[in-house]
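Chains: A, B, C and D, in written order; residue numbering restarts at 1 for each.
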Amino acid sequence: MDHIPLSAYLILSAILFGLGVAGFIFRKSVITVFMSIELMLNAVNLSFVTFSYENKNIDGHIYSFFVMVVAAAEAAVGLAIILTIFKNRGTLQIDEVDSMKL
Amino acid sequence: MDSILFIIAAVAAIGCGLNLVLQSHPISSALSLIGVMSSLALLYLLLGAEFIAMAQMIVYGGAVMVLFIFVIMLLNAGAEKRSDKSLFARIFGFPLLAVFVVPLSFLIKTTFSAQVSDVSFGSWVGGTAEAVGKQLFTKFLLPFEVISVLILIAILGAVVLAQKEID
Amino acid sequence: MSFFIIVTLVKIAIVFGVFMTTLAYLQWVERKVLAHIQSRTGPLRVGPHGLLQPLADVFKLLTKEDLMPPHASKFFYLLAPFIAVSLALVSISIIPFGPVVDVPFFPGHKTPLGITDLNVGILFILAIGAISVYGIALAGWSSNNKYSLMGGLRSSAQMISYELPFTLVIISPLLLANELSFRGIVNSQADYYLNFIPRWSIFQMPFPQIFGFIIFMIAGFAETNRIPFDLPEAENELVAGFHTEYSSMKFACFFMAEYANMVTIACVATVLFLGGWHPLFPAPYSDWVPTAVFLGASFLLFAQGNKIGRKGDHITFPLFGLAALVLAGVFAVPMLQTYIVPIFWFAAKAGFLLFVYIWIRGTLPRFRYDQLMHFAWTFLFPCALINLLLTALMVALFPNQK
Amino acid sequence: MNLWLIPLCPLIGCLLNGLLGKRLPKQVINILAVGSVAASFGLVLAFLWQNYPLNTPVSEHNFTWIQSGWLNIGFDLTIDRLTAVMLLVVTGVGLLIHLYSIGYMEHEDGYARFFASLNLFMFFMLILVLAANLLVVFVGWEGVGLCSYLLIGYYVKEKFAGDAANKAFIVNRIGDFGFSLGIFLLVIHARTLDFVGIAAAVKDLPVENSMGWISVATLLLFVGACGKSAQIPLYVWLPDAMAGPTPVSALIHAATMVTAGIYMVARVAFLYGHAPIIMHIVALVGLLTAVFAATIGLAQNDIKKVFAYSTVSQLGYMFLGLGLGAYSAGIFHLMTHAFFKALLFLGAGSVIHGLSGEQDLRHMGGLRRAMPITCVTLLIASLAISGVPGFSGFFSKDAILAAAYEREPWMFWTGAATAGLTAFYVFRAFFLAFLGKYRGHHHPHESPFVMTFPLMVLAAFAAGGGFLNVPHWLAPMFPVVENEAQLPMIISAAFGIAGILLAFVVYVAQPSLSDSLKSAAGPIYTLLINKYYVDELYNAAIVKPLTLVSRAVLWRGVDEGLIDTGLVNGFGQLVQGIGSVLRRWQSGSIRNYATWILAGSLLLIFVLGLANGGAR
């Protein structure tokens, strides 16, 4: 078998996405949760690129490019936020940061 | 040939992803995330998206993840402690996740196995830098400009946040 | 297919051997040059003119005690030098040293001089450069020592900062060449203006990249943590920076990685700005330049041998002269010229750049950290940007200058 | 020639003055206010110069305003001969009064506010006059109502001003209600609001001798006209409206706005032509009002009140003319009345200005030395309004009375008698103010030139305005009423002169006579001085019950009981209750949120999968 079915790529991306979600749900460090988000983005990128291969159309690449840019911006802001949280609260535990409630 | 490459990359990706979730130390998670990204870059190459592959390495591997590592080192973040909060997530998280991934994969399998073509390396190399650039500056010019503005705003926001005094 | 693999393996073997030797002796050269800059005589004892010094160093590093700092996170501590050196060595694999030639003894087969050609070569180099931060950062972090951590932080910050002018300034020759693969870039610099000015990027119309070249070299220094940008290993501030806790072979890895990066940068600069393997003069004259050079060298050496100098010189100098003579003969063989003359030119340019590295190390003091950042963001980055804009403008205005 | 430019100029002036008037120096405000009106006056003149004979109306369609089904109403402006007359009166008199206001208002605060409102009024009045369909007329109608409200209540610090403004506004609401009902009726039946369209719609309908829809519509429109033009029973607001500054009384409540009703009725004359009953009602109301107001005017001591009641009665005259079908005569009287009544008010204003705020006739007297110009001009105006031959009022009033003489002789006699009354009370005011000896305490002084100049101009028109043969000019639109009969002319003139002489006798020759007269007609006098207790009557009959009902039922019951506690707070408490349950959801733990998101996306996936029949 020298050909990979397209669905393999998609399933891989689904699994990676699931792993990202798992990281988001089960991890307790803000930074790791943030990295899980990046993982999800990557998974989505993979399916973008896969579909653009399927359709022989380059738009998927453009989308994943945009996703990367957004991810970079998000990382910059998010990490700054994390820094501020750490400065103000002295913790990185995501469960400690729960004052946004009634 | 490329089935081997795919299997290697996929296994590496999934392994690193699992590692990301399972490791208790942020640095290990970060490195495994880099691993995921590198193997994804390889997969992009297999899918004929060489520019995206390189951009993946440069942007994610080079910029984003370096930022992560930098912050982790700066805050000297240690291994995370157990917490008894957010009961709901700990109870329902895993079942929901299983229900999320398994049927999704099944759906994909049944949907896309039938009529879509197989992937073979080099059969379509559309993602050259030239092609991507052409698209980017003709069809997607407005989104491109908008996203550049977004980046600018993000930089400003990061600077402001990072400069904020503690009080 | 299989033939392709075999040829590639052979090329890898050759390149690897030459590369490692270069790294080893680059250090010897550096010590010699520094010594003469500071009017000392560098290594002398081990072998004639200390020529065996690198070997000795390797033995010393191998036999040193390999100590493991306590409370260091072991895995990353071991991983870091591995990342550093492997990434440093990988990037040589896409540097083209010469044109595409027939494979000797196998007529009908052609192969490029150089391990492989990637049609996104530049991006590959950038990617590798981007990744290679982790080696240093991890080393600094994992060895659980505040000096190392400082070094690691500094180096990662410095590399991120200098990545921008580096990338920006790389783009301008790409605009001139309208290519991403190294071979294409080199080929685009093949011709000569008025039959004697080479069409290298630094001379190339419509916008000569001379400033680009200078900025590239500065950023390259910073990327490789060389003086005057070697803040991560500033002895007087943080003992030895990120590799304070490393000893023996792991330390050697970092050492090797640094020199490998130097060589890589030099090669990339050669390819991007100095026209790769294209000689300084048009072909008919330039083919005999190597021979002439080596002949001159051998005569010099023989002359030196006759003088009474240090003990043993009158043996070693003629021997070297003999070797130079042989080399001259080799370069004179027309059949070989197609293979080795381009490599000679490439090596000459890269070597010159490496010499510049060492020269500057011997000349300039070290920056202060804030000065470093200030320089990067407020001077180098805008310069690179302006250079890029001007290039783009000129290329857009005079598209037919190519 | 763009017609919309004509109203635009005052609007610009209004905006500039109203928005940044506080920062502007007075000179700039003056230039803006007067200049804008002068500009539109010039535009009107230029327009008339361009197409002089104006045999065919000039219309322009600016934009489609309302389009729904068969109803298509555009923002259209038009100019025909009637409009031309009105335009000239409005812009000309308006310009003079603006000029006058510069002098009159200079010591008041809220200078910019005053001129902004005045300009706004000019804008709406021009819209009203230029309108080519009833809806645009209605816009101007309401607009001038608003401006009159603003300007009556100009002295925001005094309570009576505010009350008077409210009174004017509310009473006008009644009229406007009728007006809008009439418009709706026309929309239903004529299916358009363009005057041309309505005319075409009703052209070949029979003349209604019973109450058909045309009669009802015209009646409703006339109710509106009553409100705006202060006819019985809705006249009560106009005398109180004198609380505003005198130029306002001159411009709005004498010259222009109050004549909007007459203009509107004349504008839809073709409708009234189909409803003779309503014509009769109009004539009756007009006559009644004329007499009624004149009698009240006999006994007033406030100079402005006197002129206000005379305005009411003159408006009554105009309606009499309209009701008798002598539209052109009505319009003619409208114009001359604009001249001499504006002059009267401005003169009164000049007197008040000279006496620094004194309005009571009993504290004036002998002012003819102090302020000669005012005296002379006021004399001319009084002669004009009394219908002394040669002066403008004579011609117009005579035209109306002649029409009455033709159709309803008894109306003619009553009208003539009223003319006598008018002459009497106007000259009573004049004599009390200017002859005899000074009975006040302030030191009287003549007004500045900027005030006296408009007086002189207006005096010229009041004197000679009668020779502008408006009926002839309007002949193509309205059948001109031929009056060869010399008798009515002589009779009315005689009545007028008699009134003047009587006034002279009573108030100058033997001032003692006046008091004896008062005592002689004691109850009548009290009745008159209290204006027939009409205000009290309305108060008891309408206002009190209304306030009672709204307090008891609407406020306490509906508003507080139902809406506040029932709906508003009820919803608030409902939301609070739900929120207090749902807030448990917001645990603040991001991981829980993420899990919820996951559940939601899961649901979404399955819904979509089922929607697409699962795996295709």
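Going forward, contacts are C-beta pairs under 8 Å (C-beta built on N, C-alpha and C of every residue); 3 or more make two chains touch, one makes a residue touch a chain.
Keep in mind that this is a model prediction, so the values were computed, not measured.
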| item | value |
| --- | --- |
| Of all other chains, the one whose Cα centre sits farthest from chain C | D |
| Chain pair showing more contacts of the two, A-D and B-C | B-C |
| Gap in Å, rounded to a whole number, between the CA centres of chain D and chain A | 72 |
| Rounded Å distance, chain C centre to chain D centre (Cα mean) | 95 |
| Chain centre separation in whole Å, for chain C relative to chain B (CA means) | 33 |
| Centroid distance [mean C-alpha coordinates] between chain C and chain A, Å | 37 |
| Junction residues of chain A, two or more chains touched | 21, 25-26, 95, 98 |
| Where chain C touches two or more other chains at once, by residue number | none |
| For chain B, residues that touch 2 or more chains besides their own | 51, 55, 63, 67, 72, 74, 85-86, 89-90, 93, 97, 100, 104, 111 |
| Pairs of chains in contact (touch as defined earlier), listed by label | A-B, A-D, B-C, B-D |
| Chain B-facing residues of chain D, complex | 587, 589-592, 594-595, 598-599, 601-602, 605-606, 609, 614-616 |
| Touching residues on chain C, where the partner in the complex is chain B | 73, 75-76, 79, 119-120, 123-124, 126-127, 129-131, 133-134, 137-138, 140-141, 149, 152-153, 156-157, 159-160, 163, 180 |
| Residues on chain A engaged by chain B in the complex (per definition of touch) | 1-12, 14-23, 25-29, 31-32, 34-36, 38-39, 42, 45-46, 49-50, 52-54, 56-59, 61-62, 64-66, 68-77, 79-84, 86-88, 92-93, 95-96, 98 |
| Chain B residues touching chain D - in the complex, by the definition given at the top | 85-86, 88-90, 92-93, 96-97, 99-100, 103-104, 106-107, 110-111 |
| Complex contacts: residues of chain D adjacent to chain A | 583, 586-591, 594-595, 598 |
